[in-house]
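Heads up, the next two complexes both have chain A, just with different partners, chain B and then chain C.
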Partner chain A sequence: MNVVTALKFYITKMTEESGPGMKVLLMDKQTTSIVSLAYSQSEILLKEVYLFERIDATVRSDGLKHLKCIVFIRPTKENVALLCNELRYPKYGVYYIYFSNIIAKADIKLLAESDEQEVVREVHEFYADYLAVSPHLFALGISACSQGLTWNPTHLHRTVQGITSVLLSLKKYPYIRYQHSSEMAKRLAEKIREVLGKESNSFNFRQESNPILLILDRRDDPITPLLNQWTYQAMVHELLTINNNRVDLSNVKGISKELKEVVLSGEHDEFYANNLYLNFGEIGQTIKELMEEFQRKAKKHQKVESIADMKNFVETYPMFKKMSGTVSKHVTVVGELSSLVGQYDLLKVSELEQELSCQSEHSAQLQKIKRLLNNPRIRDIDATRLVMLYALHYVKHTNNDITGLLDMLKKRGVPEKYTKLIHNVLEYSGVHTRQSNLFDREAVAKITKKLFKGLSGVDNIYTQHTPLLVETLEDLIKEKLSTQVFPYLGNMIMSRRPHDIIVFMIGGTTYEESLAVHNLNKQNPGTKIILGGTTIHNFESFAEEVQHATTGTAPRYRTRNN
Partner chain B sequence: MFYYYQFRITISYVLTYSIWLLYDHVFQFNVKVCSATHKSLKRISYQALLIILQNLSLINKLTMAESTQILEGFLCPICMTDFKTPNQLTKHFEEVHNDDPEILKSLKDLFGKAKKKILKQDEYPELFDSSTLSTTKSNSPEINWGHQEIGFTRSHTKYFKEIRDARLERYSTETNKLLIRLDKLLRNLPVDPIDRKNHERTIVPWIDDKDVNLCPTCAKSFHIARRKHHCRLCGAIMCHDCTMFLSLSDARIMTSPVSVQDDSAVSPTSSESPITGRFVRAGIGLTKLARSPSSGSLNSVLSLVNDPASGEQHFRLCIHCKNLLDARERLKLRQFDKPITCQFYEKMRSYMEEATRYVSMYNKMYQSLSEGESTYNLRDAQILRSKIAKIGENIDTISKKILTFGVKDAENPVQGLELKLHQMVRASAVIFLKEQLLSLPAIPTEEEYQTLQTARQQRIEARIEYQKQLEMEERQREKKKEQKREIRSVADVGSSATKDQLVLDQSQGWGPSSAPLLPTSMDPIIEQMSNLRAYIKQARADCKFDEVATLENNLRELQSAYFAMKHSNSSDD
Partner chain C sequence: MATRNLTEPFILMRNNALQSKHIYAEQNLSDRMALVGPDSSRPDSVELKGTNTNDGTPPAWTDALEETQYILSRLRIKIDNLSELHAKQLTRPTLDDTSQEERQMEQLTREIGRAFSSGYQQVQIVKAAARHETRPAERQLANSAVLALSSALQDLGLRYRTSQANYLQQINSREERNRQYFTEDETLLRNVTTDSWLSEPSYEENSSDYWQQGPRQQESVLLQIDDPEQRMRLAEEREKEVGHIVQSISDLNHIFKDLANMVQDQGTILDRIDYNIEQTQVQVYEGYKQLKKADSYQKANRKLYCIMVLAASIILLSFLFILFKT
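Coming up: the complex of A and B.
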């Protein structure tokens, strides 16, 4: 149940089905990301794919008739139209067509009618319609999935496609459970069941592993994406943003050309694979050791005075080159991270964030926030997230001073797009909606307790917070998850302990949650959990999500002083 | 420039060893280098240089501390003295070393040993011992969830082809009709315009002018300035602007039956090329490949329109008829568009396959040899290594040929997508060489191998000793038990030190059937042995060292059986 492997199987089969010969891969924007996450360019080259073309490129170059063209695109109307055109005036010799998802018969007919030159050899559906970020983590690249707190129809469609594709690529036909309090979760669950039900006859699903698809809503836990992170992968995403495993370092001062954009992929970078879940302190130590080792060896290499030196130098060249590439990349990234941490006083910020999310000490915390808001080194977004956390935590506290903090933010000159977030996030998290609902009142109390629970015996004050997801999944594994809060879709109820769990977060998941799922997988050897989300958030992207989600809703939340 | 100098100092060593992995014959340059630096420079792969240069620049970047210090000059390979210019080195060589018979002798030895040295490697300290660097797939935190199979797939190919073929059947009937008409039109085509018009109208009846008021293509009305014209193939009406022209010469090419083209050039699936099949059925036959620029190209056809010398040298066609004919021409063209680089490419790929096969064999042998095992022959491994090096060289050469193919073509240089393709093919070859071949581990030397063998022998002995000890203890325990209880049969502790027997694997594809036959008059065992020797020779030639190992094992057994028999025979006497 490894999503990266699942995609690799598909892509490898695509490159093999066309037999030997030079190949070109014709893709759209999304499938390009999908392929580039699974394979590095050099790996693809060795599969005889030498050229990469975009089907939606405005200027397409002249064709080469001796090339075999592997078409890998999503089954959208636009793509079908573009492909029809391509087939009418084929640029390559023969075509092997793969759609990343279920395609309508009518579209196949359109394509067949365009293939006047009989260039098409194969037409298949290969369900590689999602971004496999890690073996247990996938995303769909949807940046803001809801509007007015309901599904944007386009994004709902894409999400249904993405999840069905995950299920088909893993050959799972799951029981579906969803978060009862979320209308979006319910709609998504129903849509997925509809699609799977229609296709269940075409596929030979086997049930021995009791798969469960659990659909959750980010709105239930708006805390996790607000926090600064201290494990390598999560931290890089929070501070530098990971986009399809790529990190843009072009803003770093004095950066060399080849490091302007670096790839961080566990598939192709052993150092990263071994360290992505370590915390920042450990990473620093590892990097230091790596540096020292490398310098020692490089120094040895540098003295090219004897035959033996020369030999060593060249014999170990491939290893050397690989190592030096890795070293320089991670040294740069870690260096940049630590300079940002110092520059913006992130340790102080993070300590308070963790307190706000795990402990209840209203007046003391309010004082600390005020102090930090007066600290000129604190970034606007960090000031904002502190106030957001405060608001979420103390919105029902009788003496809360959300208004006062908002004023401080405004005085500080924090842009409106951030100050607006304070109210938006309250709207988004729905604390207020639940208040009016008798059933939910209990749930709210419980959830609030969960979100802000104190943790004892934590050795690191910066990593006290545990995402709500962990508790939900632990309950699910122990068969203790409430069927009222997370009902089954339809009348089915699974009687056995779940072995395969696919959990999907509407509104985006986080790398902190990915790490939590990774740890759960380690702790529960009989259980396999895969985490997915419409996207993978850091603060910036989550702010956008919240802002989009709450546009068009009448603001129901008012601070008392308004 | 900077690197050029840096490179020069190291030429005698760096080059040799980097290329050494790829080209065994290059080794000789090493010896010549000190006296004829420049000549050898030219003959050496610049790709290898590039790798080294990149590497040097990399070190400089990463260890900025002392990187400014550059060694410059030429090292004498004998006394390691550093010289600034090749002249100085040559002079030094003549003066210091040339008159010294010892040195000369050692130099000669170097030449003599060159070949031998290719196959071996001098000892050198492990710089990056594999434990620290080629780390730790096992350390990776990701959990291994075990076996996984490919996900669901669904094929639409059948449905697609049903629809396409039904539709193309219609098209091709129509196209065939047009071709038959075209053929008729061309036959006895009168030169006189009026006669020609009548001829055309008897073959294809024209639509009545009165029935059409607007041009069906552009929807403009007809009047004196926009007159009605007829398509000579379907009789439809259109205006002059919407008229297409087909030159008579092209029309003749299209309709002339020719010797059937070799379909195999089309694609591996030529047997299922139904269009050509249909044309044959219609009795028109395949037409000659129209490679002339005019075919299918509207512009060049139009240029023929007003040729006063030979009257109307074209047919008027409507866009519909023209498209049908064009589509067919395009199809024919496509089938023969296979550039020469494809042949290079296929050769390169077959070398890569061969290399991959050999490398996996080599790695297996390396493993076994460095364990001190005697399954494989040390020399075989050395030969295989140089064989791999040779294939690597071939891959390098061919990919470079592809890279430079047509770049300097003055009239029609390779550019755009094709150039990019060639670059990427070359890039893939470089990656292949680097990842597969440059990282081959070195075979132990004779001495090292002997040490390894001794160590292994000691390990085995130690294990047997341990085994014996265990058995003894077991026996003693049994004895104690026996003393305590009634006598029981002593369980036989099976010896676990049995040697693994190698079994000839027939499925490997190589069989003795192709081995040369030998006279059958000999002693059956001797015959069997010489057969085996022949097989071994052949297997070795095919680089099938697993079989060599098995067969040699068999041979040894046979030999000992033979000696045993002889011995018993002689004792019988």
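Coming up: the complex of A and C.
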């Protein structure tokens, strides 16, 4: 149950099946990302793959007949057409074709008919059709998966493909549970079952671990993606945006050329792998330690006088080089983060966000929001964030002041794109239809928890909030998850405790949830949880998601609140 | 990690498609077409094939590449052998009956050193070939090959060095331990070991030690030898030895530094597959833009415009000249 190793296995197999000799890897846009996340170029070069090409590139290099071509593409119509063309006029000697998902017989026939020169040696399905971000986290790279609060059909298709490929690559034939309140979750679950039924031959695995696929909807917990984050990975994503483990730093002032874009990948960067879940303060500490170690080593390197020194130098030079790269990268990133935090008063904002998400003191919080909205250092999106959280929390409160806050936002000169979000998010979360209030869910348990918390004191005011997902998963592990709220699909009911859990969040997951799942995995050694989502959100992308999801729906709230 | 093999149905379908095409072709051909058609098309296809084979010949540096790969595989085995020997040497109770294993080790180290430098030379050949390559794809290919080979070489070098260092460390610590018990035999024991070390020109393991222990050893050796001439000869010999060691170390030093420079960008954005693909696309696009610019320059060529205008006016004037003169 590790999505990264699963992908690596596929790619390794792909490069090895064609035997020795120089190879070229031909990919499409999405498989390029998939491969890049699992393998670095220097690793794949060692497998004798020396060239990389995009099948959809407008200008392709001329043919090199002495190369073997590994084709790794998604089985879409366009790709099949492009590949047919390629086979008709082959640029390389032989072709080994790998599809990242189940391909239709008709498409294979098309390919077979185009292969007039008989250059194809192998055709396989390797189910690597998702982006493996961390060992327990995958995404599908779909932003804005819904339109008008229902599935966009192409995105639904992609999601079904993505999830089936996850299941196939992990060899799981799961029980499916879904969130009853969500129409989208239900449709997705049914679609997946349809595929499982149709491809039952492929899903013929030995089952010992009772896998379960739980399909959730982001709409049930719109709060998590709204919050500012304070753990390293999540923070980088929120403030600088991680895109397939790449971070664009080109708009940082005075940055050197080689740091314009950096890679943050746990697979290839040990320091990052050890620290991505630490909070901001701890990161500062570890960065300091790293710096000191580096300085010590650098000092050692300065004097190369005797032959012994020379020898030492040669031995440690590559490591040193690598370390200096790591140090400069992380120091730059953390430096940028801390300057952003200072510049935009993020500590104050985050404190209030956490209060809004975890406590209920209407008037006091309203005052605080108003004060912060008048603070010119606060960014527009942070102001919007606060009002959105307030609106979500107090929309049912009798004397809420959403309109007043909205006016304040407009007075601040916040662009309309953001002010519209306040109503959109209410629409998106569907507060009106929700039975349980997100903010005081499971009242009794919450009160006891609060009591405990009150006794021990809050240890960190910036990380009070725990995502709803944690509660759901804890219940699932303890077999306490209500079958009314999360029914099984069909009439199978699992009797035993689930060992392998795959959670999929329609509408995107977050790094905060990834951290929560990581912790749950550590706390429950018997169960393994893998989290997936259509994408991984920060505030910006979530805002887009909400906007897309609510276009074309009747603006219910505007009239009521104005 | 399930997979599905579709090769068989694919080949079946391909054969069917080819067959049906043949049948279809045969049915539709008139006699003339059947006889002449293929003939007339043959030169074409032959030509096509000719260019194909021309295309299909792998570039000259493939030999170097294969050679290096062979060297690498041999190196791997040799280094494994060496560490095995090291382990054996360490587990053995005493250092008395050294000759055979030590000689074996010595030979191995020498071979490994040689293999490293020849591998490096081959990489240089590929690198030089890459510089002369005209087609961008070929150049890219050669560059990638150089990168892969040098990082493999570097990895092996690192492994070799760490195994050597470990061995040396363990030997030293063992001697330390021994010294506690055999204080009396110290000089004797040391003489034996230094002799055996001196006889091997392996620069790796004795170099650092050599410098630390050198003076003291020399003293003890000098005490034993009285004859000044012999002493001189010994000193000269030793100097030559030292020179040799220094030379080989600096050679290897150079090689590894060079290799490290070649593979330094591991873990950075330059090591991302998608980034590199994007980069090539950006380059292609830039080239396209440049071409377009050049094209527009050519179109708006002022000089030509000027010449045309002048030519037109000359014709007009000469026409007028003729008209008014006559």
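Keep this in mind: the second predicted complex is superposed on the first by the 522 of 562 C-alpha atoms of A that agree within 3 Å, B and C clash if a C-alpha of one lies under 4 Å from a C-alpha of the other, contacts with A are read in each partner's own complex, and residues count from 1 in each chain.
To be clear about the criterion, contacts are C-beta pairs under 8 Å (C-beta built on N, C-alpha and C of every residue); 3 or more make two chains touch, one makes a residue touch a chain.
Source: prediction; values computed, not measured.
Engineer: Since both structures carry chain A, what do chain B and chain C do when superposed there: clash or fit?
Structural biologist: Chain B and chain C clash in the superposed model.
Engineer: Could you say whether A:E113 touches chain B, chain C, both of them, or neither, answering first, second, both or neither?
Structural biologist: both
Engineer: Could you look at A:Y277 and tell me whether it touches chain B, chain C, both or neither (first, second, both, neither)?
Structural biologist: The answer is first: A:Y277 touches chain B but not chain C.
Engineer: Please indicate which partner A:P222 is in contact with in the superposed arrangement: first for chain B, second for chain C, both, or neither.
Structural biologist: Touch status of A:P222: no partner.
Engineer: Let me test your reading of the model: by the given contact rule, A:T326 touches which partner, first (chain B), second (chain C), both or neither?
Structural biologist: It touches chain C, and chain B stays clear.
Engineer: Identify the partner contact of A:E122: answer first if only chain B is touched, second if only chain C is, both if each is, neither if none is.
Structural biologist: A:E122 contacts both chain B and chain C.
Engineer: Kindly classify A:K528 by the partners it touches after superposition: chain B alone (first), chain C alone (second), both, or neither?
Structural biologist: Only chain B; A:K528 stays clear of chain C.
Engineer: Mind working out whether A:P174 is in touch with chain B, chain C, both or neither, as first, second, both or neither?
Structural biologist: After superposition on chain A, A:P174 lies in contact with neither partner.
Engineer: Once the shared chain is lined up, is A:S202 touching chain B (first), chain C (second), both, or neither of them?
Structural biologist: both
Engineer: Touch check for A:E261: first (chain B), second (chain C), both, or neither?
Structural biologist: second
Engineer: Could you name the one stretch of chain C listed in 189-197, 225-233, 243-251 or 315-323 that collides with chain B in the superposition?
Structural biologist: 243-251
Engineer: For chain A, which residues belong to both interfaces, chain B and chain C?
Structural biologist: Comparing the two interfaces on chain A, one with chain B and one with chain C, the shared residues are 6, 9-10, 13, 22, 42, 45-46, 48, 50-51, 61-67, 93, 102-103, 105, 108-109, 111-113, 115-116, 118, 120-127, 168-171, 202, 306-308, 310-311, 313-315, 317-318, 321.
Engineer: In their complex, what parts of chain A are in touch with chain B?
Structural biologist: Against chain B, the touching part of chain A is residues 1-2, 5-6, 9-10, 13, 19-22, 42, 45-46, 48, 50-51, 61-67, 90, 93-94, 102-103, 105, 108-109, 111-113, 115-118, 120-127, 134-136, 168-171, 202-203, 256, 266, 270, 273-274, 276-277, 293-295, 297-302, 304-308, 310-321, 323-324, 327-328, 518, 521-522, 528.
Engineer: Quick check: in the complex, which residue numbers of chain B touch chain A?
Structural biologist: Of all residues in chain B, those touching chain A are 9-10, 13-14, 17-18, 21, 51-52, 54-55, 58-59, 61-63, 66-67, 71, 77, 80, 122, 124-125, 127-128, 132-137, 139-143, 145, 148-157, 159-164, 167-168, 171, 267-269, 273-275, 327, 330-331, 334, 337-339, 342, 345-346, 349, 416-418, 420-421, 424-425, 427-428, 431-432, 434-435, 438-439, 442.
Engineer: Okay, in this complex, where on chain A does chain C touch?
Structural biologist: So the residues of chain A touching chain C come out as 6, 9-10, 13, 22, 27, 32-33, 35-36, 39-42, 44-46, 48, 50-54, 57-59, 61-67, 93, 102-103, 105, 108-109, 111-113, 115-116, 118, 120-127, 168-171, 202, 205, 244, 246, 258, 260-263, 268-269, 306-308, 310-311, 313-315, 317-318, 321-322, 325-326, 329.
Engineer: Hey, which residues of chain C end up touching chain A in the complex?
Structural biologist: 1-7, 9-11, 13-14, 16-18, 52-53, 55-59, 62, 65, 135-138, 140-141, 144-145, 147-148, 151-152, 154, 158, 161-162, 165, 207-208, 211, 245-246, 249-250, 252-253, 256-257, 260, 263-277, 281, 284, 288
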